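Next up, some structures in structure tokens.
There are two complexes below, and they share subunit A, which is joined by subunit B in the first and by subunit C in the second.
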Partner chain A sequence: MSAARRSLRVAGSAVFWLALLTLPLWLTHVGGYTALGTKILVYGIAALALNLLLGFTGGLSFGHAAWFGLGAYGAGMTLKYLAPSTPLAILVGTVVGGVAATLLGPLVMRRRGIYFAMITIAIGQLFYFIAVRWNNVTGGEDGLAGFERAPLHIGPWVYDIHHDAKYYYVVLACFAVAVVIMKLLLASPLGHTWVAIRENRRRLQFLGVRIDLYIWAAFAISGTLTALAGTLNALLFNFTSPQDLHWILSGNFVIMIVLGGMRKFWGPLIGVAIFVVAQDYLSSVTDNWMTAIGLLFVLIVLLFPKGLLGMLGRRGKEAA
Partner chain B sequence: MSGGAAAAAMVAGAAAGAAGAAVAGAAADAGRRDLLRLDGVCRHFGRLQAVQDVSFGMREGELRAVIGPNGAGKTTFFNLITGFVAPTAGDIWFDGANIGDESVVRRVRRGIVRTFQITEIFPDLTVYENTRVAVETAARLNGRAWLARARRREVAERVDELLVTVALADKAHRLVGELAHGDQRVVEIALALAMNPRLLLLDEPTAGMGDRETEHMVELVRRLHAEHGLSILFIEHDMGIVFGIAQRIMVLDQGRFLAEGTPGEISADEKVRAAYLGEAA
Partner chain C sequence: MQLLLFNAFNGLIQGVFYALMALGLALILSLNSVINMAHGGFLVIGAYLAYTLAPYLGFWGALVAGPLGAAVIGLVVERFLVRPLYKRPDPLYTLLLTFGLALIIEDLTRTIWGAQGLPFQIPDILNSSVSSVLFFITGYRVLVVGITLLVVLGLWAMLRYTRLGIRIRAGTLDLETVSSLGVNIYLLRALNFALGCLLAGLAGVLAAGILGLTPPMGSSLIMPSFVAIIVGGVGSLVGAVLGGLIIGVAAGITTTYYPAASDAVIYLIMLVVLVLRPRGLLGQEGLFE
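Let's turn to the complex of A and B:
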């Protein structure tokens, strides 16, 4: 990579993070509101995490709402039944979703293509129906309410995250941590192995790699980070419902990723921003907002098969 | 008596003679002296005898070609050696160990590494990234989520070294899928070399190549043998290449071992001329 390109990259990420840090200051002036920014980051974590599996390892999961929802219910129930601690809620939710993804990973790790997708849908729906039927614990169809994110106690210091802008920074911190973890993973031999699985799993097998173990690892890590996003989503709305476990949400995650471009690390975040903003705006105009999203999706897939960000630059050319 | 058995006796005899301690016909003994040794190996698919009673030995450091008309069983023969198919009868010895039942992965770890007739690469990655995956696999690092700086540098140095060896350093950051066919085949060889092979099997390394590409590939194979002392077994259709670089040639015909010897011996062999060279000429 040339020096000019590198400095452009550093400048770009500086602007990006600065924009996120100051978001509560400017978002209202462009017609948004802070909770909308928070939602983009929350869904952003989930979509980036799912993309570890979809875009980088090549496994199409249509069941990632399972981990998102388990994280959400885990966090909500912790606050409601266990203790009024936000960090504990985030931790419990993430661990619950992560452990579930890790335990169920072996069911999918040897499947390919459509079979992989079908089994992940089935797993997702399993948790959906548990949430709907287990009324007295989960609140059933009505969802889980009656909990609230608790102030953070940092030493003698109290950070009251009840306020939207303050909670935004909690989410931003989690987002940053998740991004660093994912970036490090993708730069590691494990990440290189994932990409090689996507590219040609037969070849990798012939080199002596047990493919299924690494798909499992991708599934587990991706599920855990998606669960983290789920906990943050429950805390954002102080509410969660079976919709957070439903395959429609899983499908929406996939749509967001494809919109933005699954071959780029940041592609899914672009897709999330478009999806969430469009949903927010259009759903206030019409009940049939999904029609517009669908139309947009078709157009983007037709015009930019690699997603919006995928169009911006092709790699591998700079040293040619 | 089949041609295969006759040739086996001849090879075993030669090997024993060279070692100076002859125990004629003792397979295990011969297995210890040869890098690779097959004893009466058969493989059938249903009623089709793909490989029939093949026996031969190959010494360390040899550059050997496998030839034979289409359907002679050459690729099945490679699959038997590399573990992609199991023999229905017979033993396969590598460096003194019986590996006939071992998996592909076990054999790769022993140093039996192959390339494929159809190019098998990671198309959307660069030459560098392709090679790095193989280097990390050879070092058994696949599961590592973090590498210390020193270890990363070791990996990078090994990748650079391999790219210099195969003369692709100037294309390190090109996407493999966008390279010419000839270069893609060379990338495959880089992947194989990354696995630290003791025996490299090349399945038609020059298939589909133009004259210049072929020349480069032949030069590379010759160099790997001469400078790096690699033992190489290759399938090839181009007789000019086979007789130009191979030290020994073995001929398969309809799954049977037809003949084995130096290029001079093979070109003088009546059976070979009848079954193969005559037909090609």
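Let's turn to the complex of A and C:
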């Protein structure tokens, strides 16, 4: 990489993080609202995490809403039944989702392609039905309400996150931590092995690499980070419902990733931003927003299979 | 005891619907390599078409026309949306495409026919009980089981003895070789897709007579059908039927003892099967991986 491109890259990421840091200041002026920005970051964590498995390891998981929803219920139920502590809620939710993903990972780690996708879909639905039917604890179909994110106590200071803009910075901090973790993982030997599995699984097998264990690791880590996003989502709305576990949400995560570009680290975030804004806008202008979203799916698949960043990247490569 | 029989029989009827759905899904999965998330949508199309046409064609006419309508729409979808994706080997894209279609079909059904449930009229003669002790065995339910039995046997004979059936089976094993032998595999795949949609439409019409019509009926039946395929073994049509019946009856029996778990038990069976027999009851080694 030339010095010019490197400084361009540093400048780009500085602008990116600065824009995120100041988002509550400018988002309202361009027609958005702070909670929308928070939601983009929350879904962004989930989509980037799922992409570790989908884009980098090549495992087509269509059931990631399970970990998202488990995180959400874990956080909500901690606040409601256990203790009014936001950090504890985030921790419990993330651990619950992460442990579930880790335990169920061995069921899928040796499967490929269609089989992998189908089993993850079905596993996701298991948790959906538990949430719907176990209604005296989970609130059933109506969802889990009656909890609220509690103020953060940092030493002698109290940071009241009731306000949307203040909670945004909590989410941004988690987002930054998650991004750093994922970047470090992808730069590590583990991350390189994931990409190698995607590119040529059989060759790796011949080299004696236990690919099932690496896929398990990808599944567990991806599930844990998705659960973290789920906890933040429950705290954002002070509410969670079985919809957070439903396969439609799993599908939405996947389409967001494909829309942005699944071969690029930041692709999913772009997809999330477009998808969440489009969904927000469409549901306010038409009752048939489901049809609109469905058409979006069809058009993306037929016309932009490489995603937006993928298309830009290809052009950049040709120029270089 | 009678309650147990009652629930088990209800479960069997549910299992029949799962089996019909799973059979179509498995056909499309094995020859078209498509996880058809829109399969529930074709079920809904079949059911609502039958509902709309029943006043003109009568019950029996609608029973035929509904599934045929679903098959025709399936042909159109295959030709214009699925076919361009065959050249991309990753199942991701067809999965997302049919997922989008599922959303569109459910939403448009709601717009056209309304969100509230509609009743599907069946002839009075079918509503009466066959036996006074086993009051729950109505003529219609016998009909449902009978038609399904006929269809499954017919499909088996078709796949076993006709030229088309033999080509479909050969295509699931090695599509390239079949193609190089001069078979038009595009036509073969199109017919196979339509056949799968026909089965989904049939399941829809039959289910409408018992459950009534609602726009989300497809999405509530498709997930158990996936489970039926996984339990029965991906790649095995007999397995798909067997899986559907097993989970249907199991859910029915669970209703007797612990109704709240009747949905979750389906997925628990799946997990147990996956642990004990990772490829499902009748799955084949190495297929679809």
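Basically, the second predicted complex is superposed on the first by the 305 of 320 C-alpha atoms of A that agree within 3 Å, B and C clash if a C-alpha of one lies under 4 Å from a C-alpha of the other, contacts with A are read in each partner's own complex, and residues count from 1 in each chain.
Everything below uses one rule, namely that a contact is a pair of C-beta atoms (placed from the backbone, for glycine too) under 8 Å apart; a residue touches a chain by one contact, two chains touch by 3 or more.
Here the structure is a predicted model, which means the values were calculated and not measured.
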{"item": "When subunit B and subunit C are modelled together on subunit A, clash or fit", "value": "fit"}
{"item": "First (subunit B), second (subunit C), both or neither touched by A:A196", "value": "first"}
{"item": "Partner chain in contact with A:A217 - subunit B first, subunit C second, else both or neither", "value": "first"}
{"item": "Residue contacts on subunit A - larger count, subunit B or subunit C", "value": "C"}
{"item": "Touching partner for A:A19 - first (subunit B), second (subunit C), both, neither", "value": "neither"}
{"item": "Which of subunit B and subunit C A:L184 touches, first, second, both or neither", "value": "first"}
{"item": "Angle at subunit A between subunit B and subunit C, C-alpha centres, nearest 10 degrees", "value": "80"}
{"item": "First, second, both or neither for A:P305, with subunit B first and subunit C second", "value": "second"}
{"item": "Touched partner set for A:L204, first subunit B, second subunit C, both or neither", "value": "first"}
{"item": "Contacts of A:L103 with subunit B and subunit C, given as first, second, both or neither", "value": "neither"}
{"item": "Contacts of A:A173 with subunit B and subunit C, given as first, second, both or neither", "value": "neither"}
{"item": "First (subunit B), second (subunit C), both or neither touched by A:I119", "value": "second"}
{"item": "CA minimum distance (subunit B, subunit C), superposed complexes, angstrom", "value": "15"}
{"item": "On subunit A, the residue positions that both subunit B and subunit C contact, one per complex", "value": "none"}
{"item": "Subunit A contact footprint on subunit C (complex, rising order)", "value": "29, 33, 35, 37, 81, 84-85, 88, 90-93, 95-97, 99-104, 106-108, 111, 223, 226-227, 229-230, 234, 260-261, 263-264, 267-268, 270-271, 274-275, 278, 288-289"}
{"item": "Interface residues, subunit A side, partner subunit B - complex", "value": "184-185, 188-193, 195-196, 199-200, 202-210, 213-214, 217, 263, 315-316, 318-320"}
{"item": "Subunit A-touching residues of subunit B, taken from the complex the two chains share", "value": "104-105, 108-109, 114, 116, 120-126, 129, 132-134, 136-138, 141-147, 155, 172-175, 178, 191, 195"}
{"item": "Subunit A residues touching subunit C - in the complex, by the definition given at the top", "value": "54, 60, 62, 107, 110-115, 117-119, 121-123, 125-126, 129-130, 132-134, 247-248, 251, 254-255, 258, 287-288, 290-291, 293-298, 300-302, 305"}
